[in-house]
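Have a look at the structure below before the remarks.
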Amino acid sequence: EEVKLQLKWVTQAQFAGYYVAQEKGFYDEEGLEVTIMPGGPDISPTQVMAGGGADVTVDWMPSALAAREKGLDLVNIAQPFKSSGMMLTCLKETGIKGPEDFKGKTLGVWFGGNEYPFLSWMATLGIPTDGSEGGVTVLKQGFNVDPLLQKQAACISTMTYNEYWQVIDAGLAPEDLVTFKYEDEGVATLEDGLYVMGDKLADPAFKAKMVKFVRASMKGWKYAEANPDEAAGIVLENDESGAQTETHQKRMMGEIAKLTAGSQGALDPADYERTVKILLGGGSDPVISKAPEGAYTLEITDEALK
Amino acid sequence: MRAPVIEAKDVNLIFETRDGPVHALKDVNLTVERGDFVSFIGPSGCGKTTFLRCIAALETPTGGDLKVNSMSAEAARKARSYGYVFQAAGLYPWRTIAGNVKLPLEIMGFTKAEQEERVAKVLSLVDLEGFGKKYPWQLSGGMQQRASIARALAFDADILLMDEPFGALDEIVRDKLNEELLKLWSATGKTIGFVTHSIPEAVYLSTKIVVMSPRPGRITDVIESPLPRGARPLEIRDTPEFLEIAHRVREGLRAGHAYDA
Amino acid sequence: MKLLMFALAFWLGASLFNSWLAARFSHRRWAQLFVPALFGVTLLVLWEGVVAGFAISPVILPAPSAIVARFAQSTALLWGDFAQTILKGALAGYLLGCGAAIVTAIVIDRSPFLQRGLMPVGNFVAALPIVGIAPILVMWFGFDWQSKAAVVVLMVFFPVLVNMVAGLKATDHLQRDLMKTYSASYRDTLFKLRLPAAMPFLFNGLKIATTLALIGAIVAEFFGSPTRGMGFRISTAVGQLDMPLVWSEIAVAALAGSGFFGAMALLERLVTFWHPSQRAR
Amino acid sequence: MRNLGPILTVVAAILVIWYGAAVKMNAKWVYDQAARAGAEVSTSQLLRETMAQERPVLPAPHQVAKGLWQGVAGQKITSKRSLVFHGWVTLSATLAGFALGAAAGLLLAIGIVHSRAMDMSVMPWAIASQTIPILAIAPMVIVVLASLGIKGLLPKAIIAAYLSFFPVLVGMVKGLRAPDAMQLDLMRTYNANRAETFWKLRLPSSMPYLFASLKVGIAAALVGTIVAELPAGATQGLGARLLSGSYYGQTIQIWAALFAAATLAAGLVVAVGAIERVVLRKMGMAA
Amino acid sequence: MRAPVIEAKDVNLIFETRDGPVHALKDVNLTVERGDFVSFIGPSGCGKTTFLRCIAALETPTGGDLKVNSMSAEAARKARSYGYVFQAAGLYPWRTIAGNVKLPLEIMGFTKAEQEERVAKVLSLVDLEGFGKKYPWQLSGGMQQRASIARALAFDADILLMDEPFGALDEIVRDKLNEELLKLWSATGKTIGFVTHSIPEAVYLSTKIVVMSPRPGRITDVIESPLPRGARPLEIRDTPEFLEIAHRVREGLRAGHAYDA
């Protein structure tokens, strides 16, 4: 049986579980032939799903729910990531100590579906992001951490497992930086979950296939958590661009393991409710306008993790 | 009486331009019979080229009636009734001289062997044997002109239309080619339409000289030459008849210039 | 399905009508506008028909009607993006890049040595893909329109330079010899002969550069931008699956590009009225 | 190779300027670091450090050269870290796209030259089509094509073709119309049909235009391929290499990939030029 | 004795081409005195244009010595000693006819008023009054040619070099311009170098006829005309002296053609 998996980003340890499941033969054991398609900054996983280009995708919940409001019937079937790795990393020299210091500063934000957590956070803080008085200047941050190094922005978005370490590798010391984790600020939204099209779930065969897929993937994740160095090696093996480095991937795997640690794969409805609440609380311009229905199902994980 | 090859009745041609219409040909009447050698002479812009192009169906008269070989000019063109020598040589630069001469033969579906034979024949006729493999730019202007004449002669069209074919040549070469052309004409009985600026040339070659005048372009005089048909020695140019015709042509031309700028 | 059939029928009918018009009225001004317009409408009808006929998801390819509706609804937003990307980024870069190219061409024109050295190297530099250069320039010139203008400068510089250099050489022997017989100065030769003679070539370059400027400015925004601009909007709207907005922006780009191109073509007509290519027809 | 001297001179000048710029642009970081460490920077230290950074704002030429050398010669060419490998991936899509685009441009040009209706209706839209930022919608195109089951080399080739058809179209319309009125009239006096006129007159006289536009077209195809490689899952090809360099701020890798791409483009243009010389010589047009 | 204006001693010019060197001028010796009207005649490719270009310092001899106004040809060019009429009209298409005639005047720094005055004068001299505002392509070939003559006459250069200036004109216009040119020449005492293919034209105009021959290009005869300087009526062309000179020129030409292709 074939399964096409669309990743949210390029091949890296963020997706180690799937690569491990692939290389360790967990998918084979389930009788699945999985094709893993790396993503990139210009790939919108939701669009790929809409185009029927993949069976299942890794996406962040804010973006999935926003797409759902646009009429794309995306349904969460599993949630390997328990906690959020997103944070805002600021230069200490800019004088930022707490969120109240953001006003008047320039902040780098990822767009393309990843801006929602930030916008919600700013809305809860009551800071305008549209360039009006007393607000922050938002930059559409590119792929890398240069804006911080070049001091074009006071803060930039980083992931605990990736960009933060690029800043460190660039030569800045942790003491030079101030970080704000979304998790700590109480605005954490669910990241890397597995999503499929709702209409397909009506098909029992597809459902059965997804059960096998989730089961094998979670086995991969748990193996990766237990053997981070080997997992990083597998990721490197699968990186066709040849751009990844071993140190970086090993470290990333270590950080990723912290995020997946709390999850056996099943979505915790409480986390879901929290995410929805945060997204709804987006002030005048909320990410989603009403609480979605049927945006997740526990049937797959219930079956898979029996 | 021989059958008329070209029969123009009240031919008119008006070019619509941005600055208004240009009356290039006005009420042109002319009958050319089989085997005639007709020269067209007249000041710059009087419509010589335009009229020749009408005969060749490269231009369509806006009024009047023009028959070539008793059909419409267009039908005559489709029947490939004529060969045309343009004012400039117009050789295709990517073909050798032989290739250029061969072009109409290819299009008209001659066999390979026949193509070779005819090319050799006409190239020697215009004194270009040995230059077949050269490209146009490797020849002087006069030689290019001769190659373009060879190209028009290669397929045996009934009618030969030539627009100032000898313009770029010096007197000596010109005399020689005039003689050759006369020889060819009397040997084949072709009908020839010939545009020139040179009075002696017109008189020397023609059985009929058409004097034209500009603004609007029209025929002011048609002179039937009393000179013998067939071979004419170059010395004929010193005979009184010759000088008399030349005088008449000159007078006609001068009249055309009367209100010229 | 019915709509698709209608679209196909419309397409057929319009094509026939267009051929008929083109054959009969090709030199009329109204026909020169009407024929391409009808062709464009045909494309849109066909598009609408295909989208409806094959039930293509609007998040993949929206129907023209949906795009028009979104366009009408967000004119203020589109105008702001247009101002940011085209009026600031593209135009500034275009003027700077073309100006620099023209000046450079005139300067290196005096030195065959520089020309022989610069042109191949310039050719090489021009081949650097902008997707690689844009992030670098954003890093150097910041997030606002200045970095977009810099990308545009790099994109338009070489095509204009090449054309201008060719144009300055475009005088024929006779024209140059004439100047020599007057023992004309370099200045006189430049202003009275070579610059006028170079204009048809220059405009060739300037016209190509219009579309390059647009593309450069928009694409550069993918690599970092303030929260406005056409490239920014396209990339974020894709993430939000707001395809009608994406296509509205694309429509703005196409309109602006065609307008820009048309304006240069018009200017070309005015300046090089004497060139045979402008006199034909 | 009488151009060698001038080229080397210009290159040398560029290198000098480049080194200067590298020092200037990378200095800020050196000073910042020193300030953070509370140290002073001497000039020689500055020069040394600005040219040996791992993520310089502007890498020094020798760093780029080293990156290129490692990418080209430092690996097995089948390795994922080999620029030859990525270059090959890009090259194959470029050639496929170029073939598609050139054929499309040529066919359209032939249609336009022979049909007034096509001339009047297609040309304005061909121009408009190029004002659409294909680079911006390439990701969508990839997705749409993927949903139609078109994957692998073809989507990249299609985007490359989209960028390369236009120069070919414009050049060939000009070229096929290059015959002057007299040359066309000559064909009419022979009552030659359209096909004969095309093969014996229009096509030969369009050769110089054809090759000029093919050169532009093949360079455009390369750009198209690289653009298409960014969203194609960022896996293989010089475009992916450029992008992955960007993610990790590996300036040297970006520059090395950039230069590899430019070299590839230059090579392709030279190759077309070589074909041009052969063809034109065969046709006797190499004056 | 008048001072020599042009003094050529053993002038040689060899063009290096891909197919080997072309000996365009071989050992050319010629002295032209102030007020002379010198015609150059000879078959295509014999070096007439090349020699005229050497005098104008548009071409540099590879050997020998060439003085113009007792200076090097280059210095004479810099001193703007001559006006040159090229074989083709060579008008700048972006300038009107008046603008084209004005061009040398602008470059040589004439005042605006003087420019206008001179343009009007020379345009009427060549019968082009009223066409000043037209663009070159709006004129017939012959009119363009006349405009280019006007351009060379506009500034009063000492020496006038004319390369087949009347080639594209018909006989009548040509006769008229020949007369005008003679008038201008005798009124101003200019020195004129004149290339033509027409023997009568050369004889009618010149005080000195230079007959040239090709491969290698060289002077085979220099004929001093016994015809009166100053005004010559057109009828002079029927006098025995005239015919005798014409005959001599023709013989010279024919000799040059002996080994011609």
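Order of writing sets the chain letters: A, B, C, D and E. Residues in each chain are counted from 1.
Definition applied: contacts are C-beta pairs under 8 Å (C-beta built on N, C-alpha and C of every residue); 3 or more make two chains touch, one makes a residue touch a chain.
To keep track of the chains, here are their UniProt names: B, E = Sulfonate ABC transporter ATP-binding protein; C, D = ABC transporter permease.
Just so we're clear, the structure is a prediction, and the values are computed from it rather than from any experiment.
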Quiz item: What are the chains that chain A and chain D both touch?
Solution: C
Self-check item: B-D or C-D, whichever has more C-beta pairs in contact
Solution: C-D
Practice problem: Could you put a whole-Å number on the gap between the CA centroids of chain C and chain D? | Solution: 18
Quiz item: If you average the Cα atoms of chain B and of chain C to get two centres, how far apart are those centres in Å?
Solution: 49
Quiz item: Centre to centre, by mean C-alpha position, how many angstrom separate chain A and chain C?
Solution: 38
Practice problem: Averaging only over C-alpha atoms, locate the centres of chain A and chain E and give their separation in whole Å. | Solution: 86
Exercise. Quick one: which residues in chain D touch 2 or more of the other chains?
Key: 57, 139-140, 143-144, 147, 230, 243, 246
Practice problem: Scan chain E for residues touching two or more other chains and write them down. | Solution: none
Quiz item: Residues of chain A touching 2+ other chains?
Solution: 41-42, 44, 47, 50-51, 142-144, 146, 150
Exercise. Would you please name all pairs of chains that touch?
Key: A-C, A-D, B-D, B-E, C-D, C-E
Practice problem: Within their complex, state which residues of chain E touch chain C. | Solution: 53, 56-58, 77-80, 82-84, 86, 88, 90, 92-94, 103-104, 106-108, 135, 137
Practice problem: Under the touch definition given earlier, write down the residues of chain E that touch chain B in their complex. | Solution: 42-45, 127-128, 130-131, 138, 140-143, 168-173, 197-199, 250, 253-254, 257, 260-261
Quiz item: What part of chain C is in contact with chain E in the complex they form?
Solution: 172, 174-175, 177-185, 188, 192-193, 196-197, 199, 272, 274-276, 279
Quiz item: In the complex formed with chain D, which residues of chain C make contact?
Solution: 15, 18-19, 21-23, 26, 31-32, 35-36, 38-40, 43, 60-61, 113-118, 120-121, 123-133, 135-136, 139-140, 210-211, 214-215, 218-219, 222-223, 230-231, 234-235, 238, 243, 246, 250, 253-254, 256-258, 260-261
Quiz item: Of all residues in chain D, which touch chain B in the complex?
Solution: 182-183, 185-192, 196, 200-201, 204-205, 207, 283-285, 287
